[in-house]
Amino acid sequence: MITIAEIAKLVGGVVHGDASLEILAAAPIRDAQVGYITLADDPKFESKLRACQASAVIIPADFPKSEKTCVVVDDVHTAFAKIVKYLDPPVVDSFAGISPTAIISPSAKIGEGCVIHPYAVIGDNVQLSDRVHVGAGVVIEAGCSIDEDTRLYPRCVLYSKTKIGKRCVLHAGVVVGAFGFGYLTKQGKHYLSAQLGNVIIEDDVEIGANTTIDRGTYNATVIGEGTKIDNQVMIAHNCRLGKHNLICSQVGIAGSCRTGDYVVLAGQVGIGDHVDIGTGATLAAKSGVMNHIPAKSVYMGIPATPIKDQMKTFAVVNKLSQWYGKWKDMLTRIERIEALIQSIDSTSLTSDSDDDLRNGHQGKRAA
Amino acid sequence: MITIAEIAKLVGGVVHGDASLEILAAAPIRDAQVGYITLADDPKFESKLRACQASAVIIPADFPKSEKTCVVVDDVHTAFAKIVKYLDPPVVDSFAGISPTAIISPSAKIGEGCVIHPYAVIGDNVQLSDRVHVGAGVVIEAGCSIDEDTRLYPRCVLYSKTKIGKRCVLHAGVVVGAFGFGYLTKQGKHYLSAQLGNVIIEDDVEIGANTTIDRGTYNATVIGEGTKIDNQVMIAHNCRLGKHNLICSQVGIAGSCRTGDYVVLAGQVGIGDHVDIGTGATLAAKSGVMNHIPAKSVYMGIPATPIKDQMKTFAVVNKLSQWYGKWKDMLTRIERIEALIQSIDSTSLTSDSDDDLRNGHQGKRAA
Amino acid sequence: MITIAEIAKLVGGVVHGDASLEILAAAPIRDAQVGYITLADDPKFESKLRACQASAVIIPADFPKSEKTCVVVDDVHTAFAKIVKYLDPPVVDSFAGISPTAIISPSAKIGEGCVIHPYAVIGDNVQLSDRVHVGAGVVIEAGCSIDEDTRLYPRCVLYSKTKIGKRCVLHAGVVVGAFGFGYLTKQGKHYLSAQLGNVIIEDDVEIGANTTIDRGTYNATVIGEGTKIDNQVMIAHNCRLGKHNLICSQVGIAGSCRTGDYVVLAGQVGIGDHVDIGTGATLAAKSGVMNHIPAKSVYMGIPATPIKDQMKTFAVVNKLSQWYGKWKDMLTRIERIEALIQSIDSTSLTSDSDDDLRNGHQGKRAA
């Protein structure tokens, strides 16, 4: 429980309405009930806000004042997060230091302020810089290095020689550096390609739960600085992702692809091998990409097509079953016209094309 | 080895045929060989049953008697499972109690009859009700609660504040409560949204191996009572799934979606963010959903379309390459007709539309 | 650093060019820079090789000699791998033997030369043949057996009764033998089907990170000898995959499917339940399969269609939005022609079809 006056103080906001109102909880417009405070960051939500039962709302200065009690702030999301934290404080993990159950190779180097949870296993010559946080049951194979302030959530596995930059976050179940799926088939058997490369993850990369990134064949698979990757994404051997990409859930990128910077791949996109995606390009959800995608373009569909063309195609495809009947009808009508013309006294016709029509065509004719 | 007479006794069935027949193994129709018993639950399988080499069959009362020895029962699947168990008993895990290698925070509360396998890690203030079963290497972060008779298979990870109901089953590798994939981009960098919510899983939910369910931004991501989720499903932040949904493998549901009750999402379906799926709706495999789906409807395709329309569209699309030639031909024939008409002595024409035809159209004309 | 002469000796090759050249690193054509050695295995890469900055190249005998220093060998990839290993040696894990922290049931049998990493958990009656390698944190439930020289990477989970052949590789996060997703719905609740089967993986199978393979209902789910499976693949209960299949990343195969030998499923393919895929068949990426696929065929698309037909369909679909305008135009032109014919003095017409045209059709007419 908190009053609007207290909220305004907490978030540095200005109250319009009843400052003594007591607030029970905070929730987005869809979920807010009587006694709740909600948030609205865009005037397009005004009607939804009006329909919602929230008793109060956090809004920016340019938002129309609501009938509800308003708290006006500069940054709606930051303010709202403060309120949520106040009403339902996040749980803080009391664990610190290095668990005596963590198994750390004598040749590994562990920086200052690292936190290593129980049952983590850290191999030979691993290097952790300062303040690296290793979750429970994480396995870090020999020769890996992790730069400062990076956090690995429980059960991540890093295969040998993986390099991770500063301030990265790897969520539970992430596997980095497993073998690339490359085989040479000889006499009916598949032989695995070389697995001599590794994975390099640059600074400020975040990787979602159960995502997998395979090691390169001879060199590195690279994830560029600031790129964010959602859960259950698959990035194959030899890929080189640029900086500040956003790769949504369940995307699959086959071997040896490259992306520029600020590429956005929406959910379940699939990219064939050796494809380049230009800087600033966006692929809509479920797109299937077989060819290079130009910079700054937006593509959609299987196979991926510029979105404007694809939207037109979708619109036409939607009407296809209606048109199917029309085509049949059109064909019938053309045949009737042709038959009719056939039957007209030929003395009234003068063109050569008449002969073409009579003799050359596959249409059904009246006898 | 078991005789038909013994099987009939085991399952409470009535024998038609040779009760002394000895049975070696039990398998479905596709796999059954001589000496096997199989099962048939629907008269539509009669011809397959006849073609199969099984020596005996479990059938319901309304199934036509086979030439094979039959055992007639009320519930074919229950009876068959008893036979399979008799012939090839399931392996029972002898582990019980709480492993001394499990690391349990002193502030955690553990109910009666809980089983906690080796190397599980249980954080501060976690609450396990009675008979919760925690597999090897499971990690349960601070502030989680799990209600009675729920089982977590090995290597599940629950992030902080996850709430799980009664009688749930979470398979190996499930990750619940990792961060939602929401970023605000400022000056070329992506900043993670708030991660202040949690995940609430209601009673009788089952979750397949390596599935991931992200925590809500400010409030809960919710999985409704009795909903069953297959392997490798991705459910994003703020989603609220209804009761008794069936979510098949590799489905991806983007942020802030809602489903009603008894929704069925077939394999590899993708749902865009903020989409509502009505109660009783079904999405066919690989559908891509961008808009709300009405209750009780069946949709299919990318973008998802009512299945009747989609099936018609598929049928037409299949014929498109044939029609492509026909369209070209139709156009040519129209042009020829127009040219021919052009060439007819204009004195025989009386309509105004003649002028339109001569002057207005883009078709190719005879000179 | 290594000279070309030393490289030639290392790989048993013949030098064309400057044998004293010093090489800093080895990389494929895309990544090679000045001072690097690269490789080219196919004359089609000749122009790319010329454009690349590499100072030297490994080529086969039939490759045109480059301006760069060449080392000619029989097997380009084997030779290149030797050079990469020389310049950047793989990291070898020093761990051997059986970790004292591994928890092994007294009834388990462990062969000669097995390596069992820390925190592995091995259940009752498990049998490991010689030289099985069990990664950190692997969980092997009761009644499993693993044949010689198989390696499980960290965090794999094998449910009870899983059988694995010789020389298999299971990557981190693989889950084998979790429950099949089969439910019977009674009075609004979903009841799980029997889970009495297991998973059998034959010799020389490789399985990518975070892949899941579910146990059979009554009998086994089977993965045939020599089949290779990429990351994040889902194989459902009762499936029987043939020998030497290649199953790419994020493929999903629903329950009770069968594949012949040498089947190739490209990335993100989805296969409905009870489908048979014939020997030697290939499914292109993202295909959705609802019906049996004949042997040696290549299918593509949703629903999957023979690739030749599908490519024609894609080509037509690409032109649909152009044709949409043409259809409308064609229809208008047919209507105009009909109207024109209507208006012609009927005395010049002799055919019966004239009446059809006048009376029978739905086209718009000039008044």
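In order of appearance the chains are A, B and C, and numbering begins at 1 in each one.
In this section, a contact is a pair of C-beta atoms (placed from the backbone, for glycine too) under 8 Å apart; a residue touches a chain by one contact, two chains touch by 3 or more.
These numbers come from a predicted model, not from an experiment.
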Have a look at where chain A meets chain B and say same if over half of the interface residue numbers show up on both copies, different if under half do. different
Between chain A and chain C, how many degrees of rotation does a Cα superposition need? Round to steps of 5. 120
Using the average of all C-alpha atoms in each chain as its centre, how far is it in Å between chain A and chain B? 22
Which chain A residues reach two or more other chains? 119, 137, 155, 173, 210, 232, 250, 268, 302, 317, 320, 323, 327, 330, 334, 337, 348
Touching residues on chain A, where the partner in the complex is chain C: 103, 105, 119, 121, 123-125, 137, 139, 141-143, 155, 157, 159-161, 173, 175, 178-179, 181, 183-184, 188-190, 192-194, 196, 210, 212, 214, 217-219, 232, 234, 236, 238, 250, 252, 254, 256, 268, 270, 272, 288, 290, 302-303, 305, 309, 312-313, 315-317, 319-320, 323, 326-327, 329-330, 333-334, 336-337, 339-340, 342-345, 348, 366
In the complex formed with chain B, which residues of chain A make contact? 26-28, 30-31, 77, 80-81, 84-85, 88, 90-95, 99, 101, 117-119, 135-137, 153-155, 169, 171-173, 204, 206, 208-210, 226, 228, 230-232, 244, 246, 248-250, 262, 267-268, 285-286, 301-302, 314, 317-318, 320-321, 323-324, 327, 330-331, 334, 337-338, 341, 348-354, 356-357, 361-363
